[in-house]
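Chain IDs A, B, C and D follow the sequence of writing; residue 1 opens each chain.
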Amino acid sequence: MITKATVIAVIKDIAARIDKDWQYLTELDQVIGDGDHGINMHRGFTAVLQKLPEDRDIGAILKSVGMTLVSTVGGAAGPLYGTAFMKMGVKLAGKEEITREELLEAFDEAVAGIKQRGHAVRGEKTILDALEPALDVLKAGGSWDEAVKAAEDGIEYTKTIIATKGRASYLGERSIGHQDPGATSVTLMLKACADAAK
Amino acid sequence: MITKATVIAVIKDIAARIDKDWQYLTELDQVIGDGDHGINMHRGFTAVLQKLPEDRDIGAILKSVGMTLVSTVGGAAGPLYGTAFMKMGVKLAGKEEITREELLEAFDEAVAGIKQRGHAVRGEKTILDALEPALDVLKAGGSWDEAVKAAEDGIEYTKTIIATKGRASYLGERSIGHQDPGATSVTLMLKACADAAK
Amino acid sequence: MKKLINNPEHVVDEMLNGIAKAHPEYVKRLEGFEILVRANKADKVALVSGGGSGHEPSHGGLVGTGMLDGAVAGAVFTSPTPDQVFEAIKAVDAGKGVLLVIKNYTGDVMNFEMAAEMAEAEGIKVDKVVVNDDVAVKDSLWTVGRRGVAGTVLVHKIAGAYAEAGAELSEVKRIAEKVIANVRTMGMAIEPCTVPAAGKPGFDLKDDEMEMGIGIHGEPGTYRAPLKTANEIADEMLGKILADREFKDVAVLVNGFGGTPVMELYVVNNHVNDVLASKGIKVYKTIVGNYMTSIEMQGCSITLLELDDELKKGLNAKADTIAFRC
Amino acid sequence: MKKLINNPEHVVDEMLNGIAKAHPEYVKRLEGFEILVRANKADKVALVSGGGSGHEPSHGGLVGTGMLDGAVAGAVFTSPTPDQVFEAIKAVDAGKGVLLVIKNYTGDVMNFEMAAEMAEAEGIKVDKVVVNDDVAVKDSLWTVGRRGVAGTVLVHKIAGAYAEAGAELSEVKRIAEKVIANVRTMGMAIEPCTVPAAGKPGFDLKDDEMEMGIGIHGEPGTYRAPLKTANEIADEMLGKILADREFKDVAVLVNGFGGTPVMELYVVNNHVNDVLASKGIKVYKTIVGNYMTSIEMQGCSITLLELDDELKKGLNAKADTIAFRC
């Protein structure tokens, strides 16, 4: 079982990792976007920490994270990550602890939410290119480390393709050779999960 | 006697010297002015060459030079040099050749014209600080080379004083240490006279 | 990074206060939000626009009679969040509905759409148009489509005129969509800009290079080329625009990106006007200036809007805002 | 030097044509001269101003109803020649006399004075005022006195309003002189500008330096200092202005030098407004924008004009020009 304490610890670890790496994320976004991804995520998770309702259930906590992200991140990442966390929160409403299966169902909701909001599919050089392969590994019974590996491969894959969604799409072929900031930030979140699973 | 041919030759030599040194004059003006003195003088003397009425008398030629300078140089130098040449032209109206005395009387008119137009006196870091000492030497019977030497000393002197007229005056004490562009351009004209006198 | 600011984190807040203090007769700031609304609420269909900050005078400078009712300012170059847009919608709605004028960026579209959902849930009538005038970006079913850039100002102007005149929401939307269908823009830069919080420019250009097909968020353009003369650059930009659709009778907007001197914008317009004349395209009206900027970026965009009588009427109508008056 | 131009020698000519082509409803160019005059000559006392180019939208952008009748454009930062000014005077004179609004620079004063002499010789009634609002420069009997900078725009506005309303030459001059007596400006820059024909900047600043007491011709200022925050800079500039005379009820002009983003001008205004409020000085009206520029220089000036009822009336009167409308 995954406890509420673990969920809270993961969220805090994500915030810590973004605090450490936001400049790197921004640099990635300067190359093929508008150079704000790290700034936005950092602003968002700083607010998340301030507003985390630690005494509430897992669903309420995740929903709160999602709403905070929606109302503080802005740009493309705000609605996308915000929707993802909110959808997970709805799925896990009322839970004080969850099974691995419940978590994966919630992840499925998260991916569906991102796709619905962003109208993107895999292969468009977005968050999805790291997130979906990782989820596939987990659903096939793989370990968290293997999932992170799949996400990292996804980041590498984003270097080889033209962006067709998000701001990087305006660059056309010039986007090739550069990794996607969103795929990078979602991998960072998956790493926090993997570490907690150890 | 100074012939019309000599006067024309001197004017052309001045134009040639400005064509050679306009960038230098502009650099001097960038330091304590607005960086256009060379550009302005170059535009002026290029026009002077195009409009020189070589078949007319010395007075008419000098008046034409003055009017061309007034209508093409702009800035402070345009009215000042323009007035100077026009005053000389009026003084030497109708002459096909002139004596040294007549020339010096004309120079006196030029200096008076500059002073009247610019309300400046010696010691304010202007054209006058090179022109007046040179004229004093000539009036005292000195040679053209001595006059040029006096003008050059005048340029050196401008480095030691605060500008109180023209654009350099806005710099206050910061104008000290830098030579005056106008004193430099008038010295260049005096050198052309000196060379012709050889 | 050299800027006349106090702290990158406070730039938007201080700027909005600076605008509200300068022009209380035009706008007021919604307490606690990054939103400027008209000083006096108007009883009509309301127009709300906005986006990341850094495009000043867009959009706050375009709030006023005959143009916008509310402008939402995100962080620099970052689309504002749905709750902010929602507040703006609530503040300006006079019961006749609100039209959102969105520039086509993934983030802007998503955030404004979420706000629209929130407003609809509260019973406010909301509709939206998405401006996508940038011909530098190839439009296709498989991409996010063209960006919204300087042409947005003309959408505000013309749709705003009809809203001011009392048109209902569907009609204001129809007009806005007609402007969007008829407007095309192409931009370029010779110097990049720096997002205050990022601290360094979004791209670097050598002394003899320029960036063509530039957007308005400091991001790189669609291609880099050797710096050319103003006339050659204008030819190249007009070439892209004129290849995209037919123009006969146009409004021209030569828009500076914030750091471009007015002198250069008019040097560009001088040639734009000549080229259009040589092609038999009638110039009905020309607007030159810094309207949709990218902080201190140096460069410009050229916008052509094909006009008909309806659009001309909207263009000529009185506008009285901080940055656009006619 | 990176500029959107074709050839440094043609910049002024092409710019003037670009303005005339963009705004035929406002101005026309006098054939063969570097002069913009109103599209429709007005039967009233005429105002002529001008100076070197590079200050756009001043002065051509301020030609129109309620402001100037003619603007003479010299080479970049070089005062125009007397024959040009003379042509402008002849073109705008409607028999009621012409007021020359001259910025206080040796060159401008001499060239405009020579033009006035030429016009008087032809029987045209001409008078002049010399604007000297720059408190950065010490005024003294023994120097050329203060420079004329951004405050000039307010002279055009207010004297222009009275001329438009039919005041006679002596009255328009009296009003102009009252504005001049009541207006003070201080400027600074964080980046210099480059005169096209010179090809390199007029001064160099390190990344952590600023130039205080800057003029509007790309020349160095009165002192160099470490770069500070916008608020500290505004404090320092206001300090100089407020030390110079008493202010109670003012118009504020936060003027950009051409390369300064609008964002930063409003950040500055935010603090200017606070400081004035804290000192009990009433802000009657605020104007923010690029009005008296130095090509692409980055920086700004702050202008305060002490108002009375007469000046307020002139300030509020309708103005309809390319760059200033109210």
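Keep in mind that, in the parts below, a contact is a pair of C-beta atoms (placed from the backbone, for glycine too) under 8 Å apart; a residue touches a chain by one contact, two chains touch by 3 or more.
Bear in mind the structure is a predicted one, so any value in this text is a computation, not a measurement.
Asks: Without counting chain C, go through the other chains and collect them into connected pieces.
Replies: Taking chain C away leaves these connected sets: A | B, D.
Asks: Would you mind naming the chains that touch chain A and likewise touch chain B?
Replies: Neighbours common to chain A and chain B are absent.
Asks: Taking each chain's centre as the mean of its CA atoms, which one is most distant from chain C?
Replies: B
Asks: Please work out the Cα centroid separation of chain A and chain D, and write it as a whole number of Å.
Replies: 54
Asks: Let me have the rounded angstrom distance from the C-alpha centre of chain B over to the C-alpha centre of chain D, please.
Replies: 31
Asks: Going by the contact rule already set, what residues in chain C reach two or more other chains?
Replies: none
Asks: Hey, how would you classify the chain contact layout here, line, ring, star, complete or other?
Replies: Shape = line; chains linked end to end, path left open.
Asks: Which chains touch which?
Replies: According to the stated criterion, the contacting chain pairs are A-C, B-D, C-D.
Asks: So in the complex, the part of chain D that touches chain B is made up of which residues?
Replies: Going by the criterion above, the answer is residues 52, 74-84, 105-107, 110-111, 114, 136-138, 142-144, 147, 195, 197-198, 200, 202-203, 215, 217-220, 222-223.
Asks: In the complex, go through chain C and note every residue touching chain D.
Replies: Checking each residue of chain C against chain D gives 2-7, 11, 14-19, 21-23, 53-54, 56-57, 61, 190-191, 193, 207, 227, 229-231, 233, 252, 254, 258-271, 273-274, 283, 286-290, 293, 295-296, 298-300, 323, 325-326.
Asks: Using the touch definition from the top, list the residues of chain B that touch chain D in their complex.
Replies: Residues 26, 30, 32-36, 39-40, 43, 70-80, 117-118, 164-167, 169-172, 174 of chain B touch chain D in their complex.
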